[in-house]
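Two complexes follow with chain A in common, the first pairing it with chain B and the second with chain C.
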Partner chain A sequence: MIGVFDVSSTTVVVLGERGLRSFVVALFILGATIPFAYAILRLNQVTKWTALDAVLRFPSVNGATEALQFTLFEALASALLTIVIGLPVAWCLSRYRWRRVRIVRAFLAVPFVTPAIVAAMGFLSLIRDGGLLSKIGIDLRLETGIVGTFAELSGWNHPGHFFALILAHAWFNLSLMIRFIEPTLSTLDPAWEEQLSVLPSGKSKMKRLRTLWVPILGPAVLCAGALSFLFSFTSFALVKWLTPKNNTLESLMAEAGSSAGIAGYRVDSSELIYSVALIQFFILLLTLAITGSLQKRYTRRLSLLSEQGVREHHGPPTYKAKFVVGLGLVFTALPFLSTLTSSFQIRAVSERGVQTEWTLEGWKKAWTGDLSTMGVNEAMLNSVIYAFATLLIALPLGWILASTIHKLDKRGWKKSSRCLDLFCMLPLAISALMVGLGVLLGGLRWYPQMFNWFFLPVYPHVLLTVPFVVRVMLPAYATLDPRYTEQCQLLNMSPVRTWYHGTLMFLRGPAVVAGSLTLAFSLGEFGASWLLVRSGSWDTLSIVIDQLMGRPMFDPSIYPTAMAASTMLMLLTFGLFFLAERFRESSDRSGF
Partner chain B sequence: MKSILSVLCMLLCASLSGCLTAEQLADIENENACESTVQVRDSDGTLKILTYDIFQGYSNELIEQFINQTGIQVEIIRTDDAGGILDQMMLTQMAPQADLMLGLDNTYLPTALKNCLLVEHNITPENLTQSSRDFYDGDLALPFDEGDVCLNYDEDALQTSNMSVPTSLWNLTEPEWNGKLAFPSPITSSPGRAFLVATYDYFTEETNSERGNMSAWWQAIADNGAIFTSGWTESYTTYYTGGYGEYTEGYIGGAYMTVSYCHSPGVEAYFAENYTHSTSLMLPKSSFHQVEYTGVIHGAAEIDAARQFIEYLTSPEVNVNMPEYNSMYSVIEGSDLPETNGYRYHSDTINTATSITDDIIEQNMEQWLLDWQDATQ
Partner chain C sequence: MKKKCVLDVIELGKRFADVKVFERLSFNVKDGEIVALLGPSGCGKSTLLRMIAGLETIEDGEIVRSKEGRQSIGYVFQKPILYPHLDVEGNVALGLESKMSRKERKQIIQDELRLVGLGGFSSRKVEKLSGGEAQRVAVVRALLNQPSLLLLDEPFSALDIASRRKIAQDTRVILHSKNIAAIHVTHDPEEAETIADRVLLWSEITHSNE
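Here is the complex of A and B:
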């Protein structure tokens, strides 16, 4: 607010703005801290352990060490596989003049916003007996053929389902590679590569890799890898369904979640949650810090040329590039198609064997529901209401937080800016389940009537989506030219009009991206809802799918019903995501 | 700003009117909930039922029939299993959010009774089977279905592998069963918990014999490569080779035996045109008669509506449908499984009476679970 002529009104505006910012920051800090702090306090009371006890006793907690080993192993393997699959696709997509590149990019980004439970269903149907993978000899389900031979030679018990899990994680995180690699590669001056190839240090491919590509792409690849590690580390729905014999720290906590925090009852559950939550928190905090520092190095890279110019220079894609990107698109589409097909198929078992018949029964049952499971129509309405309520709160909240971080940074308050930035990422380190558990324990103790409140799940949804809004809006603020705002003020425009013309007009694209991410994540949110909706009767689509899959399937119609519900959630997510894409500006490269 | 703060303060003060009192909080801390006054939620005319995924076949029409008959609105609050119902009731014991509990079995009921989570239902239904009333016949919970939890095995797999049908649970610790058993965890699964009780029953008589006791058996089973899963679904669907799991996605197989109900082979046949290669292991004392109960939650707002629902549920015309609707036996005297598709033919019945009582479970369950954890870790 510089250069406003009416001093008294300026003071009011500045005070109002400061007040609003302080209020929003305080609200977020309290909202994000209280559930976790309360959960820890409660667990502390029930277990009579200090936080240090909980950390030190981690190895003695039933199943915790195995879960930690498995979590680290699968998260590292998933991050590596994401790089192996994603790097060639991102490379090919960045270097050529593709037709409809925005659509291709948006399609490859869809898995990232796909609800985890839908991804799990997609991969389950993909690896089934008679599914595509088993037809081409990769039997991840019964582990015959190559996978069986590998299992025998390595002595590894059930590697097939582990491969399915890391494949699903790589599928999920594929767009992270594109999101980090493409902006660097598609704007890199081709002259660098050409000039280097005539120098002694760039004669061979290996030398060029060492002197050019590793320094340029290294931070971006590591950044995407670190984020893949983070998302795979907190994986819950995919682990629950694809590797039922193994637990991640998150799924281990989920099992014990409903009985934790009750004095004198199942104290072992509280001990488990207390210990595992703290260890997970420290690991995730460390990962976030590493990601943050890598992101800084990555954003320091300069864009040298316009994307269009670079693409023109490289010309139309080669056959090899078309093949690689085509493979990426098929890889992205397969689980979706597989889920859709499975929703129309039902098994018919008799002494003669098993046959698959085509049916609409799954869709009919999914729509109407029964006493065990809510109908999809009702669950979908709940999901949509929660998603839009989350959007209404998380978008402005994240937006104001991002602008506050930016403002603090610009005014030289670097430490405060960094602290607030890190704090905004905190809900990701706490994990969805702990956020849900904190709300559950705190709320039940202090205000049980809250559990009759339909909008309760919005609370954890907001906490879990704000970090994404901040991450998308923050870089956009960095590119904002303050001179536009100054011009508006010189023209004596009202504060609202100044904000509209000087800020909003330039941040529409990122805001749409942040909004669509918020909607998609809220629609697919599983961990926190999984704990919370059990206190009410407001199941979301994700929960309905999980409930269906958890039911005894003597009745063959249950599986297609679950697949039909998955398909509906998938279509809903796609619909909202592509709708948002329509409003995204072509120049916008701010996000996913 | 002042006005915003005022509104916030007002909202906060208004909302805090529903908070627990200091005495209630102290009672929770001191595990003294039975002595405390429960905070009853405001009545809104809607009957809230806390349950898990039972009644998979019951249609909305059936509920509508209840609504039409009584004019009472119904809302279902779903947990993932019977343990989830107890967890939820324990968590909200000072301020319950539901009126009726539906689905606690006799391994969980003693804990609910001990913690004063239920109140009298004042219903005296006629024609209930003796087996459903043997375990608990008080006024706080009423049975609505029953069935025996026991080991199921894959007949075809045993035949193909030239393995003999076990004549003792100790046979399962022999090398030929290495890696071929799947058990749901008693900590997180109610059939798993029921089978843990069965093993207590089975090995109690052996305590002084050379063959050891329950913990030793579980340890030997774990050493023999048994697969332990969190729920019945994973054991039966993912690993058991004799069930419907082999036709579903996510199946791994490898386990020729698992824990389920003695009538599960009948349910398999019912849905597969009288075909199944699964059967039950009929060893004396190696099964547990599971009874599922319904009851009015202490602190319920809609007590009359809850009682009407219990009457409706235990009425012969509704309850006899349990085998088709919930894959369990009805508790109505004289009813049986239907003969359709070999449902009754493939269902085995256990005749050995159990010596387990609610007192034994209430006093020992926590220790059994700890012993089980130690033995299988």
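Here is the complex of A and C:
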């Protein structure tokens, strides 16, 4: 009689829901920690080092200090260049009434979901001998002309490779700047700026910058910068192909990965992996903690108005704004166009010298494959199977984790919520390659029969995509109005119908975004697959592209074949990304 | 003949953490009776309705209802909760038992919508509705399952005076015609007089809200 209704059914539902949540959280925690614990154990056993030994002996590991210096330098430079290029583009895009702004925004965001191997191919085609940049006198690959002169004068080894790498990273992370800055700026009440301009502390541009723009945009810029640093720090495919003479921590581990963890064999490899992995883990964890605290400040609600109203207020874009955004679009499009055109070009040596001819040979060879490389049709099928298997697991897993984090927070268990949130981001702090290494050392070295399991690459793919699902679904949960669920309960609907009408129907959009991103990331995943895909018949598109580019180039059709394969992966990812953009809500502040 | 009570609230109290919302609150509602609860903003009127509906836990006191279960209660929120992925008919249909045939359900919904002046609105998208129209849809949905008690949480407060009076009068007529008891909370004395059979002052039914 005392205000408790439908006790038995409600209790069953609550217990069932709690059970499912606990199971999923436990599954994820175990799945994400066991391989790494086993990997550490294995390395511990092989090297006879403790974790502390591994950290302390880092400077004595061959090539580790140089790799750390280079990694820090390139990641910092990449983050700065991302801000230098991205900030003006984001500013101009946010401030005016652009026609088809959604399409422009989506196009500028494409690089972020572009598979790293495709980006590497795009930049290789731009900087190679005969590529667009070398044609205009900037030879970043062979370092002749002004780049060569600069190298000689500065005494810097391979500055061209370095510039190509940070340019590629800035291209990759450009969308981060836009995704973080644009939502804030395009919904900010113009009255704030107007009010300030008639006050003494806002009379000059510098004063307005100090009193308004730095406090408002600062956290967003730093947040995007910190994430750019993180992604540049763990970048692998771009480093592998654009700076072949330098090692980052990631590429150093990749080189040693296959021979590590075997007792009595190449113990130096195990020592290197153990030491480098721990140092990288601590640096990434620190970066992630800084990013997390910046993101908290960034998501603080400002006086937000409707985007359309603010854009109307600022009017049509100026010529300067059109120029800046235009440059951003050209910068974004160049690697894609270069990859596409390179797939139709072949080098022919004749009496007149080396010439470029148009051909379809690359596309034909890519599709059919040959004795040493799998055809694109088969590789694409593998990629798609892995991507859908990843989707089937990562989407519900990430969704339930996001809803659990939200629920814990709402119940006032802030610390538990924060801990789970941080744990879900952990795979990002470990990097794709380290996840692959964890599975390789933690799983395969103990249970070699796992080598025969076709779905093995799905494991690291799931670990790597769950953080994205959580990051997309969590803000969506925060905007969910609980009254819709309450209304369903009052209408005496079943728990399934209550969830359908009160939750699912409001989270359809974010779920499609998360799902499409999961598919896109899995399709283009390179680092972990590169380590784990050992059977030729499991090769994914990314692996096939890498294999093609690794072959001797005496056959002129190999290069266009790799570019054709790259174009196909690029188009597949584009399709998924634009599907995600169709469902993205304007209020989405997930940053991905 | 003396009417029986559909709701008896006895010595009810509520606190959120250390903040006391109200204590020792008592009143009752008889079968088919419309009671208006008049009180200032923030005194806990909405919390009381949520407790009656089972959306908030009860720590002190007792709520005794003649019929148990949420199906015996209808609730209309301050802001109409209409689901944007469904049209008007779909939203109203949420208030009906699913056992009914589609044809039968359609007919009932159309009849009910006509009753509140929304005939021909069935396939309209909810975002196209005005505030008053949206609130009428919410009222229709809440009444569709023939609840024994309807809880109205300042549902007309966002409307202009003329619309507010009209919809309050219409709601009163419908409630009486269906013999459904209701609690209408408001801080507007005129609205309370328009809709209710009996007006209760918050200060009279509770011992403390300080």
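Some notes on this structure:
By our rule, the second predicted complex is superposed on the first by the 561 of 592 C-alpha atoms of A that agree within 3 Å, B and C clash if a C-alpha of one lies under 4 Å from a C-alpha of the other, contacts with A are read in each partner's own complex, and residues count from 1 in each chain.
Convention: contacts are C-beta pairs under 8 Å (C-beta built on N, C-alpha and C of every residue); 3 or more make two chains touch, one makes a residue touch a chain.
Owing to the predicted nature of the structure, the values given are computational and were not obtained by experimental measurement.
Touch criterion met: A:161 reaches chain B, while chain C stays clear of it. Legend: residue contacts after superposition of the two complexes on their common chain; A:377 is shown touching neither chain B nor chain C.
Of the two partner chains, neither chain B nor chain C is touched by A:308.
Using the contact criterion defined above for the overlaid structures, shared-chain residue A:547 touches chain B, although it does not reach chain C.
In the superposed model, B is the one of chain B and chain C that contacts more residues of chain A.
When the shared chain is aligned, no partner comes close enough to touch A:204: not chain B, not chain C. Once the two complexes are overlaid on the shared chain, A:484 sits against chain C while remaining clear of chain B. Within the superposed three-chain model, A:505 lies in touch with chain C and out of touch with chain B [touch as defined at top]. Within chain A, no residue touches chain B in one complex and chain C in the other. By the touch rule above, chain C contacts chain A in their complex via residues 51-55, 57-58, 62-65, 68-71, 73-75, 77, 79, 81, 83, 85-86, 94-95, 141-142, 145.
Within the complex formed with chain A, the chain B residues making contact are 1, 15-16, 18-20, 25, 28-31, 39, 41, 48, 53-60, 62-63, 75-80, 83-84, 87-88, 90-92, 94-95, 97, 111, 115, 188, 227, 229-234, 236-238, 244-245, 247-253, 267-268, 270-275, 327, 369-370, 373, 377. Residues 16, 19, 45, 62-63, 124-125, 127-129, 131, 141-143, 158, 160-161, 241-242, 244-245, 255, 258-259, 261-266, 268, 342, 347, 349-351, 354, 368-373, 440, 444-452, 534-537, 539, 547, 550-556, 558-559 of chain A are the ones that touch chain B when the two sit in their complex. Taken in their complex, chain A has these residues touching chain C: 1-6, 481, 483-484, 486-493, 501, 505, 508.
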